[in-house]
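Mind having a look at this structure? Questions to follow.
For reference, chains read A, B and C in written order, and residue numbers begin at 1 within each chain.
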Amino acid sequence: MSKFKVVHYINQFFGQIGSEDMADFPAEKRQGPVGPGIAFQQAFGDKAEITATIISGDSWFNENLETAKALVLEMVREEKPDLFVAGPAFNAGRYGVACGTIADAVQTELGIPAVTGMYEENPGADMFREKVYTIATGDNAAGMRKVVPLMAKLGLKLMTGEAIGASIEDGYLPNGIRKNFFDKERGAARAVNMLMKKLADKPFVTEYPMPSFDRVEPQPAIKDITKAQIAIVTSGGIVPKGNPDRIESSSATKYGAYNIEGVDDLTAETYETAHGGYDPVYANEDADRVVPVDVLRQYEKDGKIGKLHNWFYSTVGNGTSVANSKRFAVDIAEKLVSQGVDAVILTST
Amino acid sequence: MVAEAFSGRFSIQFIEEGNDRDVLLRARDLVHVGHRILTAPLAGSIKPWETPYRSVMLTAEPEGPMDLFSLDLMERALAILRETKASPRTVSQAILQDFQIVDKSLMESALMSMEAAGQA
Amino acid sequence: MKLELGYIDIKGIRFGTYNAVEDRVLVVNPDTLIEQVLEDPHIKAARFEIASPGEKTRITPVKDVIEPRVKVEGPGGIFPGVISKVDRVGSGKTHVMRGMAVVTAGKIVGFQEGIIDMSGPGADYTPFSKTHNLVLVMEPAEGIHPHEYEKAARLAGLKIAVTVGELARNIAPDETVVYETPTIAETFDAKLRGLPRVGYVMMLQSQGLLHDTYVYGVDAKRTLSTLIRPTELMDGAIVSGNCVSACDKNTTYHHLNNPIIEELLARHGKTLNFVGMIITNETVYLSDKIRSSDWTADMAGFLPFDGAIISQEGFGNPDTDLIMNCTKLEKKGIKTVIVTDEYAGQDGKSQSLADADELANAVVSAGNANETIVLPPMDHIIGTLDYVDTIAGGHDGSLRPDGSIEAEIQVIIGATNELGFNHMSAR
């Protein structure tokens, strides 16, 4: 059987180009293993061969993300490898993001399996652990000797098509896919041991982390709604026609604030939705269906509410990350509070 | 089968052309207008998410403002259902009958509790 | 309360013209046993078969698995309130026929019951591939209701297990273990001071037809949460009337050999103080769920426990009971570990439990019941493959033309047992 071919990606530091001063180093391909690649080559033995190593600077990659990705991808494509190995990046943030980005791209665009390694708090781990097998590492390169055999072993499994074990067996960070395995002790013994640790206030690891809920305690009810200033905030993507802030149709990175002083009705001529995740026909026909300015103006006139706030805030909920949503919310909430808004109507799609 | 067994004693909304999700949605709508749910809306341990039958018992009349506990349970049950990928299956008449028997038995078990509490 | 269990290691089963245990081999006359089963008019036909570890044998659909035992000394008999008269069990001396089981098989309703493979990949998932099994296959009388037949089949299995267990009465055990549980007063003894007070909350499936459990003969759904001595379970105080969810129902065998009780008793007086156990039900009616969990939490605080293990049975709406029990104990300052299994989908990506709470921060998982497995064809089928396509976790086309079965592991009896009986887990 011929040897499998492997391409390895490392940063300028592990590529022995230099440290932070060389972080702008653009990608370069070398034949054979470099730096940690030599340890990988030993771990692969005669089963696989590192035919090429791609080295790039952390800053260069992260600051030129799209072009960097395309360039490195092309370098990988030329080699026609059976496996792509990135890192390990330990706790180096930009290195981790680069490893995850390129490994993910190699998998989705070239159809070549990839493996990387990171410390669980590396921001790259959070971004890519569900897409790329990411071997758990310590927070610094002292753990190299331990992590290389694990990455090599998982890499070989990916190449041979051997079944991948549960995260705890093969050493990768939990990737959102639950997988069975046979533990050393039976469940009852594990339960008692876990309880003893919990009772002694010692650290313990739950076998199933509960999904995290971001629960918010409701505010007390408005005492007198006829005196309250009400604002509208939406994730339904309603924007003035032409989308002046260019809010993305999905995975939004921004929100818009739009003045509706003197506006009684959102019409098809003046407003539309930027949202890409639902049929926009009805929202475009009459944006009041998502941001009910018409009804609230009427309520304002009838004295049912105190006042409709002069601005509404809008973003697109479609695939928008929780982190971005939180950031928008903090911003918007500060503005609303400072402008004396008493209550908010939140609408989606 | 539940509809047949208990009609006359209770007000029954039988959703013939629908699935478990439709039953839960109808129950959720009733919760919105103030009815309180009396039985757990999630499926029993039988054929998880696969039995085509589902029954939920609610108070006959709205009991004032919406009951948040009921709403919470209904929404959680719906969320679970949304996550479930229904596997297409053809089921024989005999087995459908068995699913109905179990659905009915769950309601009977709830009914015993209601009767004991003097509510039925 | 002190119970001595004398284990007699059964090495095999064979049919004969009499009933006896000879050189650790069980000999039974199937004809006399069939006669006993057919005393119940709800059962039309019955036959016995033997399945031993390593054989290319598949048993399906399985209803219950029971370990034969006999009360040698002390009050009461095995399965009090069901087979024996009601009397408080859990003390004295009991003989156990270890390494064998009575398995009841045959159709109850057209879905749900599970599989035991005696060899092959499926055998790794069930404890009953390692026992010598005396299998009772039954057929219901014409026109009877499923609940009548479930009861008849349940009682037939228990009766046969008692008849077989009786054969071990005068045999010297291969191993003797003494299980002793303290009174509440004794849990305050000086020698136990300083050890954490640990309790066990055992949830019993009790939602209705085919979902029931009996305590001293009482249907658990008609009970309030209560205290029971761990050794009472070893004499059959709790029996299974549950024929759903093959993978995570507690068979009567599991109740007799509750591993959480074993682990806690083994550490009692050493690293912990096993104060006692509470049994509580899993019901359909919301007021019952609230009452049962309130009662459980109050009793746990009354005894009191510093910490508790909570085991579940089944899935779906019992997840609500599980989370209620867990959070109510935690809010009283009683630290909990819950033992459950997961329904994360065949791809392992779905949310594993139907209910969740951040206070449930210590979970032992018995595995993802939706993970798929291919069970190869077997030479010998005990029961029938007619229902394989429709048992929980099976699907259309589960049964392939060559006799192999592609299905989720939830078709296998005891695969994801929530008493922590097995080694399997998931991450």
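Note that a contact is a pair of C-beta atoms (placed from the backbone, for glycine too) under 8 Å apart; a residue touches a chain by one contact, two chains touch by 3 or more.
Predicted model only: the values in this text are computed from it and were never measured.
Participant: Please categorise the chain-chain contact pattern as a line, ring, star, complete graph or other.
Facilitator: It is a line, because the chains touch in a row without closing up.
Participant: Report the chain whose mean Cα position is at the greatest distance from that of chain B.
Facilitator: A
Participant: Where the CA atoms of chain A average out and where those of chain C average out, how many Å apart are those spots?
Facilitator: Chain centroid spacing, chain A to chain C, equals 43 Å.
Participant: Could you state the distance in Å from the CA-based centre of chain A to that of chain B?
Facilitator: Centre separation, chain A to chain B: 38 Å.
Participant: Any idea how many Å lie between the Cα centroids of chain B and chain C?
Facilitator: 28
Participant: Could you pull out the residues of chain C that touch at least 2 other chains?
Facilitator: 351
Participant: Going by the contact rule set out above, which residues of chain C touch chain A in the complex?
Facilitator: Of all residues in chain C, those touching chain A are 124, 196, 198, 259-260, 262-264, 267, 271-272, 306-309, 335-337, 339-340, 342, 344, 347-349, 351-353, 356-358, 360-368, 371, 409, 417, 419-427.
Participant: Write out the stretch or stretches of chain C touching chain B in their complex.
Facilitator: Within the complex, chain C touches chain B at residues 109-112, 146-147, 205, 207-211, 221-222, 244-245, 248-249, 283-289, 314-320, 343, 345, 350-351, 354-355, 390, 392, 395-396.
Participant: Which part of chain A faces chain C closely enough to touch in the complex?
Facilitator: Its residues touching chain C are 166-168, 174, 176-192, 194-196, 198-200, 204, 206-213.
Participant: Looking at the complex, which residues from chain B come into contact with chain C?
Facilitator: 37-48, 50, 73, 76-77, 80, 83-85, 87-92, 94-95, 98-99, 101-102, 105-110, 112-114, 117
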